[in-house]
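Pasting the structures here.
Both complexes shown next keep chain A, but they swap its partner, so chain B is in the first and chain C is in the second.
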Partner chain A sequence: MKSYEVDVAVIGGGSAGLAAAIVVKKAGLQVLIIERDKELGGITLQCIHNGFGLHEFKEELTGPEYVQRFINEAKKLDIPSKLDTMVIEFTPNKTIYAVNNREGLIQIKAKAIILAMGCRERTRGAINIPGFRPAGIYTAGQAQRFVNIEGYLPGRTYVILGSGDIGMIMARRLTWEGCQVKAVVEIQPYVSGLLRNQVQCLEDYDIPLITTYTVTKIHGKDRVKGVTISKVDRKFDRIIGSDKFIECDTLLLSVGLIPENELTREAGAEISEMGGPIVDNNLETTIEGVFACGNVLQVHDLVDLVTAEAKRAGLNAIEYIKEKYGKKIEKREKIKCISGENVNYVKPDLINKSDLSKDIIFTFRVKRPDRRILIQFKDDKNKVVFKRKRRYVIPSEMIELKLNLSEQQIDPDCKSLEVEVIPRPEVLIEED
Partner chain B sequence: MIYDVIIIGGGVTGCCIARTLSKYDLNICLLEKEGEVASGTTKANSGVIHAGYAAEREYIKRYLSIRGNSLYTQAAKELNFPFKRIGSFVVALEDDQIKELEEYRKKGIEDGIPGLEVILDTKKIKEMEPHLTHEVVGVLHAPTAGLASPYELTFALAENAATNGVKFFRNHEVVRIKHQDYTFTVRTYQSEFQGRNLINAAGLYAARISKMLGLDYFSIMPRKGEYILFDRNAIQLNKILFPMATKVSKGILVCPTLHGNTFVGPNAQNITDFEDISTTTAGLKEILEGGMKLVPSLPARSSIRNFAGLRAVPDTYDFIIDNTDVYGFINVAGILSPGLTATFAIAEKVVDYLELLGVELKEKEDYNPIRPKPERFKDFTKEELDKKIQEDPTWGRIICRCETIPEREIINAIHAPVGANTVDGVKFRCRPGMGRCQGGFCRPRVIEILSRELGKSYEEITKKGEDSNILVGRTKDFMLKSESGGIRY
Partner chain C sequence: MLKSEIPEGSKDIRCIICPTGCLVHIENVSGELIIEGHSCKRGEEYAREEFIAPKRILTTTIRVENGFLPLVPVRSDKPIPKEKLEETLKQIAKTIIKAPIKMGDILLKKVLGLDINIIASRDLAKA
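Coming up: the complex of A and B.
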């Protein structure tokens, strides 16, 4: 078995893995990217629409253009990568086992590991749509791959379930291919993707968006022949008598993304309820020296934010190797971050008390849209340590806050910090 | 050519008969209407190998399932399909149900079922199955009950039968049968077959086949059962859990699978459409609620797939295994639960009938009962794996990342005897697309491999046979005009 030793091994060569590897290499450490596909770039490669790079490069790029800049830089820096290589296991002592068809099984011993495996799409089973199981049902990302990479059309007439970003982008993409998108059906009363995609992908092409409806039956035994959609009540139960039949030969699902953490879980890292690993403010998982960034940690709305997060993970891995690797580390005291009112999740999950004087970046998403709200951080004695007004919040936008907790005079004995998004008191008074 | 035996139906029953008969010096062929074997009732089946206590004593299915269960040990050794005796519980939630459990135990022991015991010590029960509801008052433990993968068993049977000379014809739906001069002429859409003996193992369509020869002494109706499958990370059980049986079925069970997942189901709905394997909102709710009575912690949010299967329910509620009035025609019909359990015993019975018909059963000298275990990436140690990839690099190209399936396993599945020729055929043989992402990542690669190995275009590759094509054309093809001048569709 071939064996390698590196300072930092990065699992995943997409937007997150590339940005992290570049930071590490620039600091003069050895890095290796392990990528399962035959080229670097990850899922961004099939996102041929524009809208990438507005934060990172202050210009508007397509997905492949965006990620190519990182691939070029990695090439310039001579960052080694193993392509077509699948990691089958990594251990808490940071040994990675991977296979490829050139070297067989390989072993990579690293001082630190950065996880950047991205996410996968939720499937039909996860949402339990009744009906037949014919051909013609795809996740939006799978259809995107067929159309943009392989050059094949999965169907001619479509219904898209879920108004996630990929679903809306595919609605436009397929319209360009001469296909007909009959409707985008969303169970929530609001669009689950970004507003700009609603405008640019659906409204500009007169594609009907049907909210508070869901697909309740799939017709067709061999190939999809149509779907029944039904209105749902507040508990998402079908309202009897509201059924409508839509003829189509393909159903696309855009019903959410799940961080891909099988390896992480098998290695023994704790995983949060939303699917990403539990991390501290250094993006370090519960396994020492293993960091996570990008969609494997939390599903991002913009690739630019993935890049920013990955750079932080890279810097933290460098610091870990320089300051802590090989040294006995005392058990660090931590503050737990809790999701409060209207908060779906919050990252980091833990804050090291020793890092309280540093700037900490919090990222979170709300459960439902709201306007004129207050974001509040409360300690375990219900004392508000930080608050900020915001005009609106929507679940599709990730909220990012940089905060220095010691400046906010947090009690050093505090055990937990609750993040909540509540209506502003003055708004409540107005409405009374 | 005139075959000695023609078998209609490539489900587990038909394939098991084919394999059992392949031991003898006979010319045999099997006709299956779908693109793959194991496409009907066999595919969406609980996979439970019952201990055999459940059916009443007046039914032959009771005795065939008890015998069939005992034959599994040897068969699993020869055919190398996944099989494990993990034991089952019938769960009593009320004190007065204990009586019934005792009754099952007593009769079961008398009829030769090993190891049956009634356990009333709830602490011990919870130790054996920690996920079981705390409302349990007692269980009937059947240690010989087990799990087999019904479709993997069927693929193994077909493969071994083919190795021993049985000819398989898929995509051959029987439309007409003629019987003249002791010869059956079986017409399918594509071809015609002649045989001296005809075995009807057509599952749901067995009554229809029987009627083609004028025999309408039984009828078969489909009974639908729906299932929900859960992610293996969400819950793992030790035992097969049955509720107390009702008149129509053994009830909704909660059951581990051989691959570490858990499923709940089936319910039982009598329907009239022979192809209706749709799942329904009400049905999925029913099985989830039913399952939660036994396992309250069922992870509803972690379901990865739901599906339905049809049982072939005869009007007699028992297996119909008959040497009929038409000389040489054997019905093997109405194989409802516990048909999978009984399958090897059913095949033995068919051999007896052929003997009665005067068919000469001479054992072949070169009969090979062994179907080698398909090589699996997951079964290799790290050293073996390294060596394998050095010898054959396709072992090192992982196609399905959820289940870790390399290209080599898929190629092997395609080129095995009676191998896969559809995406579902590949999926059921070696599992790419069975995992968490349900094919989201690997489907394009599986299509690529099928297209290359079978020499077909991407558009010709289907999910499960005719009319279930996956891709409909190339991008930008709307700009190409067809010969007739219109836009090509």
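Coming up: the complex of A and C.
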């Protein structure tokens, strides 16, 4: 078996992996990107619409333009990558096993690993729908790849289940390619993607958005012939008598994304209930020297935010190697971050007590939309250590807060911090 | 802008500047635009533009001959008037380009006679 040694191995050559690798390489360390596709770029390559880059480059770019800039920089820096190479395992002592059709099984020994494998699409929406398993059922991202990269149309007339951003963007894309999108069906009473996409992808083309409905039956045996949609009550139970039939030959599912956890879990890293691996404020997983960033950690709204997070992971991996191979690392005491009222999840999951004097970036999402709210951090004795007003919160927009808690005199025995999003009491607090 | 260039009638426009999503009512009252329902300056500007001359950046793909992939993603280098989008798409659908392609290459010049080019969104090597 061929064996390689590097300082940092990056698993995944998409937007996250590229940004992390660039940071590491610029610091003078050896880095290697391992990518399963036959080119670098990842999912951003198939997101051919614009709206990327406003944070990172202060200009509006398409997905391919955005990631091409990173590919070009990686090329300029001579960052090595193994394409068409699938990682099948990594171990807590940071040995990666991968396969490709040129070398067979290979082994890569690294001092630190950065996980940047992205996420995959939820298919759960399909599994619960009664009917046969005809051709013509795709996830929205899969259809996006067919239409934008491979040059195939998955069908002619569509119903899209779920109002995630990819689903809405595909509705417009397919309309532009001459297809008919009959409806976007959303089980929640509100759209799950961004308002911008609702207006510019659906309303601009008079594509009906049907909320509080879901697909309850798929018709057709060899090929989809249509779907039955039904209204649901607050518990998402089907309301009898509300069924409507919509004729279509294709059903697209845009029902959410989940971090790709398989490798991470098998390596023994703890996975948080709401998605990706558990990480501390350095984005280090529960396996020492293994960091996570991008959509494998949490699903981001914007690739720009993925890039920012990946750079942090890269810098922290560099720091780790310097410490580990300079002096011995002491076991760090950690504070747990807990999701409280109307908080779906919060990252980091853990904070090193020794890092409390530094700036810490918190990212989290709410469970349901709300207005005029208060974001509050409490210690385990219910003492409020931070609060901030906000005009609105919605699940589709990740909230990012950069906080320095050093002034808050957090109790040295504090075990946990709880983040909650609560109705705003009528007192004056600084607005962000 | 001449008064006569402002479209007649009224429209309710959902503002997309921020997630608040104000419903902005805009009305042409004998050449003067009355705008209501917005809660910020940017919203007012957005509604005005959407009412007078809505434009969009067009992003689609062009077929490629002898490329590493069969399609190259493209975009318009400037926003296109909304009513010209369909015609532009039809023009693009008839086009076939040869690889190799570099990001930023102009693949269709002055499409439909407008001062707008269709440019490549990425590099694409030969097969």
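Rule of thumb we're sticking to: the second predicted complex is superposed on the first by the 418 of 432 C-alpha atoms of A that agree within 3 Å, B and C clash if a C-alpha of one lies under 4 Å from a C-alpha of the other, contacts with A are read in each partner's own complex, and residues count from 1 in each chain.
Quick note on the criterion: contacts are C-beta pairs under 8 Å (C-beta built on N, C-alpha and C of every residue); 3 or more make two chains touch, one makes a residue touch a chain.
Here the structure is a predicted model, which means the values were calculated and not measured.
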item: Touched partner set for A:Ile278, first chain B, second chain C, both or neither; value: neither
item: Touched partner set for A:Asn100, first chain B, second chain C, both or neither; value: first
item: Which of chain B and chain C A:Val232 touches, first, second, both or neither; value: neither
item: First (chain B), second (chain C), both or neither touched by A:Ala310; value: neither
item: Greater residue coverage of chain A in the superposed arrangement, chain B or chain C; value: B
item: Touching partner for A:Leu194 - first (chain B), second (chain C), both, neither; value: second
item: Chain B versus chain C as contact partner of A:Asn50, first or second or both or neither; value: second
item: Which of chain B and chain C A:Pro64 touches, first, second, both or neither; value: second
item: Partner chain(s) touched by A:Lys217 [first = chain B, second = chain C, both, neither]; value: first
item: Contacts of A:Arg145 with chain B and chain C, given as first, second, both or neither; value: first
item: Contact residues of chain A, present in both the chain B and the chain C interface; value: 147, 149-151
item: Residues of chain C defined as touching chain A within the complex; value: 14, 16, 19-21, 56-57, 59-61, 63, 68-71, 73, 75, 82, 85, 89, 103, 121-123
item: Chain C partner contacts - residues on chain A that touch it in the complex; value: 39, 41, 45, 48-50, 60, 62-65, 67-68, 71, 147-151, 173, 176, 194-196, 199-200, 203-204, 391-392, 394, 397
item: Touching residues on chain A, where the partner in the complex is chain B; value: 1, 36, 84, 86, 88, 97, 99-105, 120-121, 123-126, 128, 130-136, 139, 141-142, 145-147, 149-156, 177-178, 216-218, 221-223, 238, 249, 258, 262, 265
item: Of chain B, residues touching chain A in the complex; value: 228-229, 233, 275, 277-281, 283-284, 301-307, 382-383, 385-390, 393-398, 401-402, 404, 406, 436-441, 443-444, 458-459, 462-479, 489
